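You will see chain A twice below: alongside chain B first, and alongside chain C after that.
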Partner chain A sequence: MAGCKILFVMGCPEVPVQTSIVLYFSNKLRKHGHRVTVAGTDAALRLLSVSDPEGHYIENTMDLDQCIADLVERRIEFDYCFVFMHNDAGMTYGASISVISKAKLYAIVFGKNAESIAETIEYPAEKIVAKAVHNPTPLKNKLDRVVI
Partner chain B sequence: MSCIEQMKYKLLLERTSFKEAREYIEKNSDEVYYVDPGYKIFKDYYIIGVPPIAMGAKGKDLLFTYVKPCHGAFVMSVESEEEIDKLRESEKKKILSSLKKGRK
Partner chain C sequence: MAGCKILFVMGCPEVPVQTSIVLYFSNKLRKHGHRVTVAGTDAALRLLSVSDPEGHYIENTMDLDQCIADLVERRIEFDYCFVFMHNDAGMTYGASISVISKAKLYAIVFGKNAESIAETIEYPAEKIVAKAVHNPTPLKNKLDRVVI
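Coming up: the complex of A and B.
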């Protein structure tokens, strides 16, 4: 099914795999005909814009706080939402998205504490967990199995 | 940047987990109310958290959680009788609505 509206919610960009995985997965979904919007902090979005200055992989971005406000006020909605997380704050954002959005939720959990963070997720979300910090391949391989 | 960062606030707990922030509010407030993620306070801050999200009243101060992706959860307090009144009113409405449902 093409033409889905998909939201990526980026966590803190301190774990290196996040930026490359977001670029990779956004590109893949776009090639399947989906529309991807990436929300993140100013630092997370700057990493993307420097890596992809001409927007080949990332089409739309938005400030994370604005994204939350727009979801709550029903100004935007998505079919699928991928929340990238490697710490408690990321897990907390995922919990909020599970309440304020009707999108099917995926929790993409990575970083050195991936397993313990994943165990704290008690909200409805499909969990994709890989202990990836510098090497994105384990996470990429798991995301390649997601079919939209 | 949310309006909160430009307000006169006190930081009561810094860079902690959301669970610990919630417990701090529950233990250190005169009154505790629970809201869902997305509850709006002040001009433009939508509360982020794992439900049930605790919000507290201590004297004239509103105690609430503030989550930043790179720094974790904070407990902040801001003097605001208006926001405390909003929580009390919302709690009253919840109780009345559950009483009405109980009568049906």
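Coming up: the complex of A and C.
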């Protein structure tokens, strides 16, 4: 089904695969006819816009705190939300989203502590977990299996 | 002057800004009519291809060891070479290139030890140094001043 509203949530860009995977997966979902908004910290969004200088892969971005506020106030809503996380901060963003949004939630967990972080997720979310740090392929392959 | 042959050399992608800056700067040079080849380690090239799934920004890539061998054997040559480095390995690649290629050499030094790494470069290279780790803007601004 095309035309879904999809939110990506990006935490701090310490792990190199994050930006790459967001560019890849945003492009893929857009080619399937969905509308993708990427919310992130300043650093994450800056890295993304430098990586995609002509805007081929990323359509809309927004400040993460503003996104959370707008969800709480019901000014925006999404059908699906993918939260990219490699540390406790990202995990906590996922917890917030699970409470303030009706979107179907996916926790995309990567980095060297991916498995232990994934174990601590107790809110309702589909978990996609790969120990990817520099090599995006394991995470890419798992995301390729997500059907929207 | 358009039509220059330009080589980028990428080391291990531990520092998140590397992939972003390579995508940005390759696109910019290509828009000026130059031909850019990116040589890198497996991980660096994989990250790059996932980041640019439709190939809008990166035209040619090649294995870094093959590139070094081809330069030594004089099978390839470039007008300019930008070596991206954030550690000793990258610094050493720059040293090799300075010996085996006649290209005008730029050392693009980033990461948290950028300044100390830059100080150890004794081969002839124009140094572009920024302490960028997650924030690509300082390095982007310095690269924007390079005129080819």
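Definition applied: the second predicted complex is superposed on the first by the 148 of 148 C-alpha atoms of A that agree within 3 Å, B and C clash if a C-alpha of one lies under 4 Å from a C-alpha of the other, contacts with A are read in each partner's own complex, and residues count from 1 in each chain.
In this text, contacts are C-beta pairs under 8 Å (C-beta built on N, C-alpha and C of every residue); 3 or more make two chains touch, one makes a residue touch a chain.
Since this is a predicted model, take the numbers as computed values, not measurements.
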Touching partner for A:E115 - first (chain B), second (chain C), both, neither: neither
First (chain B), second (chain C), both or neither touched by A:E126: neither
Touching partner for A:S96 - first (chain B), second (chain C), both, neither: first
Touching partner for A:R46 - first (chain B), second (chain C), both, neither: second
Touching partner for A:C12 - first (chain B), second (chain C), both, neither: both
Touching partner for A:D144 - first (chain B), second (chain C), both, neither: neither
Footprint overlap on chain A, where chain B in one structure and chain C in the other make contact: 12-14, 43
Interface residues, chain A side, partner chain B - complex: 10-14, 40-41, 43-44, 64-65, 68-69, 71-72, 87-93, 95-96, 99-100, 122-123
Residue numbers on chain C that touch chain A, as the complex places them: 12-21, 23-24, 27-28, 43, 46-48, 50-54, 56-57, 134-137, 140
Interface residues, chain B side, partner chain A - complex: 1-2, 17-19, 36-38, 40, 44, 46, 48-51, 67-73
